[in-house]
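Presented sequentially are two complexes of chain A, the first with chain B as partner and the second with chain C.
This part shows the complex of A and B:
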């Protein structure tokens, strides 16, 4: 196990370095830079030169990257030229908000999705099961902004019980932010529920028909025990992977929902940072996203090892 | 999406959301850049908040006539090169200090400082010297005679800041205006409170809150659901969401914002005035305006940057002339028509639609247009003023400013590169004419001359649409320069 963790960690460091270099070079290859974004259309050549000198943008790209890495080792994530603030300061409240949104959406979606997936997967051909599956397909196919508009219409216009968009600052207290998190969280939860539920349903359905489940039933084992002891441990691992990737997406990839509801999360910050050529911020956000995905996949593997004795014993490896 | 929103707005109108707390005006601030500063002379000024906190020397009324703000009178010398300005007495800044000529001179010096290079310099750079004669008198010396200095001083950014405030005004703005800054957070919610001592009378609302809303559709949702009271501009296509509801008021405001297709005169084939004129007269401006901006979304123009609300506006007649265009092209050596490439980008709305509509219209004259899309982030740096033909966009400016800032030979931002000494002489003559009627005639002649010679195809000025909750009163349907924030009520 220790060796496995060390190998994964070493690989992750390698991926981080490659991503940082690629992101830095990628931003440098885009037309314009942070100073053109800051000073805008009517910037004079002298003012641009001054801005670039002040912010170290006149140095070669690799030197800028080196400086950034040196700063990172001191715990300094860099500086946003456009926003005139340290990257760490800009990201901290957004990370908190993203965690709040992802947390609420996860709580709404994951337990219910697994329960419904389990229930419907065992009776795949029943009317209820097929209806639920069709509804999930529709929910998955609808673009997020359509789901968002319908929820907005129902929950903040017809029965005005939730604020339509977030009108508090990104660094206001969680208490102030909480009423604003529901509409985006429900929108995301609908989508996530559909994905995870269908994965779980398919997995349970396949497992239920496997010989070991039938063998247990023939031995006279109660159905509840068959589900708990035989079906669930075999059906959960694929869903755990889906849950992990989805949770990572909830933390970092919710741009559309953030825009529709004006929610101050990480997605909007990332898209704005690219438009602003805010290199330090872009790289920091990219690496954060990478860290989230690596952690999620690592946790998923760990959970699967706990659930599935074959993986623990290395039987599954071939 | 639009259908859903329309139903939503209609239902909100039938008794949905709560529309505002008494005494607080909530204005949607659209798409904060993160670089906002309260320094009114900085390119990243936080608009329209600067106009709530600071005052100008001279304002404008609905007809764009200069009216007193912090100045009470202004008098030129005979050749219009020196202006003596009397300041309002007993005006105090929000911190209790007195506003006087030292503050006015300090403010103007910052606006025209070549090193600081404020965007306001493009408007007021004609001022060479500002002097305090006594605490309530300022003398401005100009590089050349300018009859419209009061209109130029009414620029929405020509605001008065306290002496010595350069390093603090951006984050801790102290003005004389109707509202005081309480919490400055352009990317979150900015809060201003009423200045009860305001010299035009205490404001009618106790507070203004300005939440930043990143997306136009989200801002529309917020207004529908009663989370904000006022959107200063909405997309003309969203007007239907609010137009039919008794819960909302929609204002259409003729403005001076314009788009152009500019042709570089230092590049072939646009060095030939005949080609340029053919390219301009081949378009049907009324149809183009309706197509690009929506019906009633703008006022057609005959290549004049002077908008319909400006007293100097020339209303020429410039119908589509396909045969005339063909003939001009033949005379210029293109009897079989011409192929041109126009660069554009979605950096601002309407800039792509303009080329698409133009492309269709001019086909009949044998003008074959290739539309080239470019990256929005780098448009102003890599395309604008550099490619042979490109789309341009400008905000409203008074005639005296826009003609000198964009069309004069020596203008820094002359996008077509057209250098015409005759035009420059006409502009000099117009701006230094004391008699208003004669001056108007001369400015109109300048625009008529432009229509014959210019390399900028200016098809329209835009009409802005403003939407607000029906309980917002006292906001006149005028361009933002003339809005009196202290007169707006919510109740």
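This part shows the complex of A and C:
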């Protein structure tokens, strides 16, 4: 296990480094930069040249890449030309807010999704099970901004239970932020619930028809034990993967939902940064997302190895 | 996911448990067919509307009327007006054109790319297969909305740019599926027979492989169509897709949120249209092909 963890960790770091360089070069290769965005239509050739010289944007790309990597190693994520502040300072409060949002949404969604998936997966053909599945499919299919707007319309406009628009700034305390976290968290929870629940349902229903489950039943093992000892360990691994991916998405991919509710998290920062062509900020946010995804998939693989002896032994892989 | 079109006289061996199959056939079809025809009607309605909306006797979707702002439903404006006094009914009916047009263009390109790359990787094998599939994996791992936003912000929001970006971002799942399905067919006797007959790779793909994997590929392409539709309308919602004043559902929803307490119709109408289209497309995709683990 230790050897596996080390190998996997080394691989993850390698993937991250390669992707980081590609991301930097990819964003640098896009036409337009922070200066064209900052100066907008008032840009003259001289002003642009001045702005680029001031911000080190006139150096060759590889030299900029070198400076950026050297900065990263010192813990310097870069400088936002548009916002006139270091990227790290801009991101810190947003990371905290994103974690709060992702945390609340996770608590609302994951336990419920696994429980409901387990229950409905065992009676796949029942009416309740099918209805729940169809509802989840609808939730997965609708655009996020539609789901978000419907919840907003119902929960804060027609039945004013929750505050409608976030008026807090990004570095308010968690207590100030808390009332505003509910609507985006509920929206995200609905989407995540649908994905995880359907995965769990499908994998439980497939597993409970497997010969080993029938064999256990025929041996006279109580159904509760069959579920706990035989079905769950075999059904969980695919869902663990889905949980990892959706958790990573909750932390860094919630662009639309944060914009709908004006929530000061990482998603809205990313949308703003992209609209402003704020390259350093875009690269830093992309890398953060990448790191979160790589870590999540690393953790998921480790958990699956712990859960599933077949993976440890290397069987069942073609 | 190595599902092969059941219309296959050569190899009757089916990996699915026959008992399950009979079960599924006995219980599912009637309900499924009814939903299928509802879905087909809704999709057809949307497509016809997108094609022929200019012929309808509607007010111009961009015509503003400062004297009739944010009105409720009336004889003159069945769905009321928005904050610039524009007719919501007209804008809602016109609002599907940008998304449906771009999604159709993008999905056709994505299907073409996906089939070419997937079949090439499967047939070539070796290093070419490895390279194509690793590139595919990288594209699959990229968050498509992020890439779309970047392209829209840095390169431009022209339909050509967005269509090409969407096609490249949504081709990888199709390529992966086509590769897998093609590999599943390549070892079969009729392909071997064609090879022995001296058929070239191109001929084998077109005459032996594609007819056998048609079903799964069409399902996958339909799925990607609905994802592309979602991605594009989300992009518009975020203000990086369609440019105002062109009517587009995502853009309309984004604009209507500020005056929701005065008039909810400009928010609800485009949402109903978008939701009905996406749900109908998905109802056309066979449920059995969706979301089940392979």
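Rule of thumb we're sticking to: the second predicted complex is superposed on the first by the 312 of 318 C-alpha atoms of A that agree within 3 Å, B and C clash if a C-alpha of one lies under 4 Å from a C-alpha of the other, contacts with A are read in each partner's own complex, and residues count from 1 in each chain.
Everything that follows uses one rule, which is that a contact is a pair of C-beta atoms (placed from the backbone, for glycine too) under 8 Å apart; a residue touches a chain by one contact, two chains touch by 3 or more.
If you're wondering where the values come from, they're calculated on a predicted model, not measured in any experiment.
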Room on chain A for both chain B and chain C (clash or fit): clash
First, second, both or neither for A:275, with chain B first and chain C second: both
First (chain B), second (chain C), both or neither touched by A:157: both
Partner chain(s) touched by A:286 [first = chain B, second = chain C, both, neither]: second
Which of chain B and chain C A:146 touches, first, second, both or neither: both
Partner chain(s) touched by A:27 [first = chain B, second = chain C, both, neither]: second
First, second, both or neither for A:206, with chain B first and chain C second: second
Touched partner set for A:261, first chain B, second chain C, both or neither: first
Touched partner set for A:253, first chain B, second chain C, both or neither: second
Stretch in clash, chain B with chain C, out of 145-153, 289-297 or 361-369: 289-297
Touching both chain B and chain C, residues of chain A: 30-32, 145-146, 149-150, 152-153, 157, 259-260, 275, 277
Chain A residues within the chain C interface of the complex: 27, 30-32, 125, 137-138, 141-146, 149-150, 152-153, 157, 198-199, 202-203, 206, 209, 238, 253, 255-256, 259-260, 270-271, 274-275, 277, 282, 286, 289, 293
Touching residues (chain side chain B, partner chain A) in the complex: 1, 4-5, 7-8, 11-12, 16-18, 26, 33-35, 43-44, 117, 119, 122, 185, 187-189, 211-215, 217-219, 221-222, 224-228, 375-378, 380-382, 384, 412-413
Interface residues, chain C side, partner chain A - complex: 20, 27, 141, 143, 145-146, 149-151, 153-155, 226, 230, 233-234, 237-240, 250, 253-254, 257, 260-261, 264, 267-268, 271, 274-275, 278-279, 282, 290-293
Complex interface listing, chain A residues touching chain B: 30-32, 36-44, 46-47, 80, 82-84, 145-146, 149-150, 152-153, 156-158, 160, 163-165, 167-172, 259-262, 264, 268, 272, 275-277
